[in-house]
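Please find one structure pasted underneath; my questions will follow.
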């Protein structure tokens, strides 16, 4: 009999307690961020700096060292260079730099070895496209050719070297 | 209803030759149509919006606020959407029963609104067996649900249908017993008489008439929750187990009929509770005399309007409590559901009816001191509850924010 | 006429609201009571272990997030520690502390989802959304640290990739400050609810011997009363310097080792993680966060078995290297795999609703089972 | 108990059987032992050795922490990681099997029930058969899958039931 009464009393008190908690929630501010149109602060402010959005390559400072292409675990970066017969010094030029952002898993292994931080993440993620081929970003415009960036000697000395400096370089490019 | 019909006959001479009974019938049918179309259907829709907003605020969310001002027309949008949706009938389903089930569920629910009063005069049919008719009609819903569960030829629906049949049938007993207790006090089955037997002030309500009445009210409330398939008894369509029970195979407007029934049922549970225990549409006599003394059309309509307002307010409070329970408590298992019904609610029902019978023999006129004591008890519980809510708000150390339309 | 009542074969899954991922249960029931619930796994099998043989040691790190995406940090660190042990790489103390901070924050995130979804599976929707609200705040903190909310890819062989952002520790401490009262409120709303105690008490009882025999680990093992936590009993990283208790099931809502115990152990473990985080922020030394590691790591040919305490228990990484820059074999031994293997034995004679509560209390995650 | 003691103790129980102890690999530069050392056990005696390891009080390895296989191109190695909650010591057992489809070994499901699923996974991914296992069938892959993926010489089928298993690369 006492078990019977204990059940009733316990149910009553725990329901009472639970109800008071949910009722108290009526006096709290909802936490929903009403993306996309009613967000209090502009979107880019709410996204942290290290956010790994779409990849972007800053072609001015890309030295075509192919470090990112080799380090990508799923090979979604393709860089093609060729000898440039027209110019006198016959140095290499970039003819193709494609990143398949549909296959990319945004792991960030390509941004680490980049000596000059050319390849880095942006805060942009809203890019739904009808055709999946639109998600292949071509950073060398069709038909044109880009001359890779040669860091001046003084800077080059400090630019190279092990993981720590690259992370530093990458850090600065990112912040 | 008679006064309204007689008024109509004097005003419109063309109605003179028509036999009087046909005119009464015509007025009742028209009033029923108007009441269903203008009050119950929109009420079910608005309650769906209110429930989603309350649920959202209890979960620190916002809830629908895009369609219309603060999302008020969300339910119209849902209605139109579901009408436009493709209405799939599974090939292996039993064609006739599958199509018939929602209408049975719908009819069972709407037929019950015939005896629900709105004010002293406004009632479709003041049957002298009002409350008995109401219990009988709502069990047609069980047939509809079973039919839906069986006809959709899907294992989950079958399980859902079986569970809901067992649940609704077995919870008729405690509900009936609780209503029996009220009928003891009034001596009549008609809902208008039950309400007339109570007064406007809380100590005149049946709820505080004697110490057994709160027990009867709680057991009626819990068992009508179970009959309405509301949490913590929403086992037939337990999303997490049976995907959505008997309404799994339904789509489009047929699916909405089931949910329409559930939200309309909310008002039915609240109306029965208010009419039987909380003094229905009773307003203080002074207010009534003052209102009718205003004379003319206003004098005729104002008392009824005030009566309807009190009835609707009390029902709205109960509807809020039902919604609020749904978003607080977890679901109980089927065997616990059965043991709750047979081991707890039914014994309470018998004890309450025995107690009230003895009470009425010992104190034919009832004891005012007991009524005041019960009123005071209820008041302290409510006060302690609001103290507890204040403690929760303080304990969570979150800023207080009251504006519901954020 | 004898009524033939043959058993109904119910197909629960692979797409079902409460199987926590893509798992199928072939359930034989007559009415409510089940005679057997045979799990059928493999729907999420991506053969991560085959990819490990093709990707280099450094390149395989993003896949370790996908082994158990609710505890990505724990898998990252387990794999990184395995490679560091076989290659003999010592990492700096600051990196160790950064890893422990990220792992404990990850444990809170994962337990919040486990506890919340258990509430939702037995019908209480509000506590689930409260748990998710807190989880989102913690996710924001981790996103600020490493850039992603789910697949962190934060650990590297030789340390971690980033240091803390300037006042990140202040933000985490502020989060912990407002997290504890809300956790207590969640406790009062769900744990003390009599209906929950009735639904979980005495359901799915796993005795200590069965737990060890089926090699259940983590909260599932501690729920059955075995006081075993790798962070305490086989300490690694900087855990010896941190003091925290190991909560164990007590059988307060029925029998020792039932669903309620496993659930309650997770609730208490979150409080321990908060304590650990606070101590870590006090003790974290300055210094570099990543040791200089050769570009192509070529560990000597041998094998190593490293065990760490993930949110779902003892996550073992068995790494076999053959001297080349690609692993010869990597095997993740995960807690959910064995937890799922015990379902068939315990679920005999249970009701359908209990099976759902039992699966939720085991906190299994489909990717970890199928890898 | 250290590995040497376990080996000595085991040798007493199994006179004629060669139980070889292999030291963990040494780091080329620092000569510290970075790999794990293990006991290599003859494949046909695995069930009895596991039973003794579990029942004898000094060992009491009551938990099979991990059971997996490694394809070493010329041989299969079935690896057992055992652990004892009582004495808190662990042990790695290895059994060497010939590398062909007929590779089979005795099941240890009787000793630890968690071996049931672990062995099914090894059978599914490597093709090593476990004698008188309760229901030896594939656990991860569909039952009609051809080949065992974790073998080094595994070639994936072009398509499975008409669904192609490769996606044309977007990059040209």
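A, B, C and D are the chain letters, set down in written order, and residue numbers restart from 1 in every chain.
We adopt the following convention: contacts are C-beta pairs under 8 Å (C-beta built on N, C-alpha and C of every residue); 3 or more make two chains touch, one makes a residue touch a chain.
Just so you know, these numbers come straight off a predicted model, no measurement behind them.
With every chain reduced to the mean of its CA atoms, the largest distance from subunit B is reached by D.
Distance from the subunit B centre to the subunit C centre is 45 Å, each centre being the mean of its Cα atoms. For the pair subunit C and subunit D, the distance between C-alpha centroids works out to 24 Å. Centre-to-centre, using mean CA coordinates, subunit A is 26 Å away from subunit C.
Between the Cα centres of subunit A and subunit B there is a gap of 54 Å. Of all residues in subunit A, those touching 2 or more other chains are 15, 17-18, 21-22, 25, 31, listed in ascending order. Subunit D has no residue in contact with two or more other chains.
Shared contact sites, meaning residues of subunit B that touch two or more other chains, fall at 58-61, 327-329, 392, 396.
If you sketch which chains touch which, the pattern fits none of the simple shapes: not an open path, not a single ring, not a star, and not all-to-all.
Of all possible chain pairs, those that touch are A-B, A-C, A-D, B-C, C-D.
Partner subunit D is touched in their complex by these residues of subunit A: 76, 78, 98, 100, 102-103, 132-133, 135-136. Taken in their complex, subunit C has these residues touching subunit D: 41-42, 45, 47, 49-50, 53, 85-88, 212-215, 226, 228, 233-234, 299-305, 307, 314, 316, 318, 320, 328-329, 331, 333, 337-338, 340-341, 345, 370. On the subunit A side of its complex with subunit B, the touching residues are 4, 8, 15-32, 34. Taken together, the subunit C residues at the contact with subunit B in this complex read 8, 10-11, 16-18, 31-32, 119-126, 129-130, 133, 178, 181-182, 184-185, 189-190, 193, 195-196, 198-199, 351-354, 356.
Contact residues on subunit C toward subunit A in their complex (touch as defined above): 55-56, 58-63, 126, 133, 136, 140, 143-148, 151, 153, 158, 161-162, 165, 185, 188-189, 192-195, 288, 290, 292-293, 295.
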